[in-house]
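For clarity, chains are labelled A, B, C and D in written order, and residue numbers in each chain start from 1.
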């Protein structure tokens, strides 16, 4: 499970939804040990500006082919640079990093995955693994709740429904599926259908994760949430990726987790949600030149 | 003759000699007013590193087609970045800049052009202009002395001989033409054939220009030398591109010319050669990573 | 990626009041990067700018340093021009007349090696038609004090400002150097001595060397770093200075885009100056002004003044209220 | 683009002597950028490095600052980690044992908010097996002096160094901050107080803000700039410090490549530390060592020592001799 640095060759890059790209890279050394929920630090540019690598979750892991895929949205300069690269280019990559998802021990219980926007990225590989050893009828016990701001931002969902799982979509503007937040759709469905998930996986914006965490704590349903933080190293060396954690002994004392080492997958109770501060919002790239 | 900033489209890029590229750009606004010996400041990269534009002389000017060409050698990060761009890319460009060559008034006298290495770049357009209104037999009075370190660095010289002018080559290692420096070849030929040039044009490394300047001053032959200097703005605003000039009144007082405004074409006597300092040499790019 | 405007049709108001100076917008070109204005005539109408700060002027002409005077660095450049300039006499007769024909406030950056030089400069520029203000460049060696820069010592800085203040009725801007332990102390000293405004920052002292020739890349060895690399330092200096003084502050350092410029305004700068970016794009100042207008529209602001100093440094805990019961839940988990 | 070697076959000697320390090569990893060493175990053998400087250690564990703790800037990054560390006790029991198994000199970076804290730290680290030297991080607020940093004042800096000197026989490196008016004065004070060596520089104070949320990009507002953007500043500081002191100096700041590292050695630094670059390429230090070897081969040097301090600042006028008669010719022209 060692981390490696590799020189990954770009095999393919496709724009699969609005400003959303799927990038396929060749890296045998990373593909063989990677697990769902883990991530890589990827060079987005040659030169010193942008300077830092960027973290991206595994969207697909194909150990036999020696390939990995990431799915990313262009939100700033780094992801913009990345979207400019083409097959044949080489990018430095470090991985696999972080803890990754834990798969359920029993496979006969209801599992719910909740994705907000680009949060779908790590859940794809998870869905593949959850369904891989499952008979077709049992796959119906896996539900994906997938929300985005608008239909154009949704990855085509047949990719998921053809895995045999149940897919429920929402958009903030109602342009596809349920109109509203994905967490609302989830709570609605769970209350209506009265089948309670045995396990929750989620990835998406912080507020979404917060609502999932609330629900999971209130309902006492175990959850695995994929969190983000700004990162410089991804390997536990810079201590930059801290998130507040409940202090074991004294609630008034600060204590921090590090997303790259202790995460990026956390259970709801590991994060001190009350101590989370609002962070600067995502800039619209190049809006003001 | 106003300077403009334009967004030039890359039309073509070819490697024409070792590490030497010819880049064709579309810029109607610059092509119509450009003169031989002038230059442009060209963006080599999007982003802040490398930060500054780079100066390049006009290699060809095609006002009818709205095209310009530059010929450049990859010597560092900026020129390396430039060599990576492909047709369809856009580069910010400012030009035409500087004073340019003055064409001879009478066209019946011997004219000598001396080029060292990439110093051939501005002389091509000059040769085209010198020969354009000239009958074929008179073109023999134009001599190009063209030297490089080795044959692989020479631009194929039929491009020049087919203009009807006389081409004399040298290489430091003797792999093509005369073995030795181009200024040696020039002095040799001039002494042997005893036809003295009425006018000298030269572009190349500083030591070469120094030897041309010496000769031209000693022989009292007017010369137009294309000089270089590090530049930030190219338009006379930063005062960074200074070269020492003889002070009109007092030789002990410092006085400076600015290559981008007062040049890049200077006569031999305009530069205070004795006050020129040795500048850091050209780095071999990426040699030590 | 343009967003729809939230406001009405008239363009947002970019004008700012800097003490006695009223500028149509907060965007100036920085001293030493726009020559004497004329150099940019082909690229823009100077009248579109908030103000023009001309190349630093000394009493007598200065030839400047020997070359090389420039070197590029990661996201920056170092210059050691050596304050080459035509001198105050030639400035008044050869350069100012052109600037006077442009509808733009002209700020004259002045420099000297003794307090007396500054005073004489101020005296000669005082009351001259077409000069809107003086910017005192205190990043100059004080020859009477062993070459220590005026700007690195509160008393020396105050000494220059006080003397210049007596010599002229023109609005005074003191330009601060970042190469100090406590920029707040220098800022306070300059304001107490009569400076109406401050501008910050000048370049950061820097060196570059070449391992192949084993020589410094600048003939002067040490030069001043500018460009995007120093923007975070300039923002910190501006932030600190604004904690120390009440007067208008002009932000300078690494501004390449409207976003960069707005960052300085957010911290509290009343205007900004663009330096190195002019070399890369001679029309950059106009693009910055346009970008600011678009920003104000999108944000639904009618005046740039409403954005200046709007930095909110309070901690915001979005989930703190609701999450009170979460803690109890978590302790059960 | 490899050039043929001019020298014989044995590899060039990269070893350097830093006062009492002998290092197999001049390349160290900088404090705070390599954790406690173990974090890089998957990428390199620590034994290949000249030395490892561990994350700054305080007397008691520190949780560090709230996030966000990082922000990227042009060719740089700002951090406000807040000196999060496990504290000296856990360092000795949990971190040092691993480092001891590696064949690499371990330098412990120490920090405190009072002179007493530094002294107690030094006392507890003195004589501990596996520690090669202490690096005193004086870029910390002195709580007894209103939070002014020890490193910004010669007396305060000397106070810390003198006290630590008495508390330990370990070689002492004092790590200088660039955020001062005169780094030479601090350098001299530290050496006079007993520091065997100096390292420079620590990060440059910096701010970044977000115009959309109108908030600082760091919870701590002010942080430290590092990376290529600061290399020219670090070279200048190293250059200045070497003019002031005789002791070995370790260059730090923005080193990404062998060329960068060699620039510091050219100026006179006896060794260098690599910080931010480790985040971008965890194997960068090995690449730097290899690049240095190639450079020495190509230049025909057998010892890195022959290159250290080889900067030639004399003016060279290549055409001055021959050109004497040129002047006469020119006056005729």
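We adopt the following convention: a residue touches a chain if its C-beta (ideal position, glycine included) is under 8 Å from a C-beta of that chain, and two chains touch if they have at least 3 such contacts.
For clarity, every value in this text was computed on a predicted model and none was experimentally measured.
In terms of the stated touch criterion, the partners common to chain B and chain C are A, D, listed by label.
For the pairs A-D and A-C, the larger set of C-beta contacts lies at A-D. A separation of 37 Å divides the Cα centre of chain A from that of chain D. Centre to centre, using the average C-alpha position, chain A and chain B are separated by 55 Å.
With centres taken as mean Cα positions, chain D sits 31 Å from chain C. Centroids built from CA atoms put chain C at 43 Å from chain A.
Annotation for chain C: residues touching 2 or more other chains are 66, 74-76, 211, 213, 215, 219, 227-229, 259, 262, 295, 315-316.
Of all residues in chain A, those touching 2 or more other chains are 48-50, 275, 277-278, 283-284, listed in ascending order. Chain contacts here are complete: no pair of chains fails to touch. Listed in rising order, the residues of chain C touching chain A in the complex are 1-3, 74-75, 228, 257-259, 262, 287-288, 290-292, 294-295, 298, 315-320, 322-324, 326-327, 329-330, 332-333. Considering their complex, residues 45, 47-50, 77 of chain A touch chain B.
Contact residues of chain B toward chain D in the complex are 48-49, 207, 210, 213-214, 217-218, 220, 246, 251, 267-269, 273-278, 283-289. For chain A in complex with chain D, the residues that touch the partner chain are 2-5, 43, 48-53, 92, 94, 229-244, 253-256, 275, 277-281, 283-284. Of all residues in chain D, only 66, 73-76, 78, 152-153, 179-182, 204-209, 211, 213-216, 219, 221-222, 225, 227-233, 235-236, 239, 254, 259, 262-263, 266-267, 295, 310-313, 315-316 touch chain C in the complex they form.
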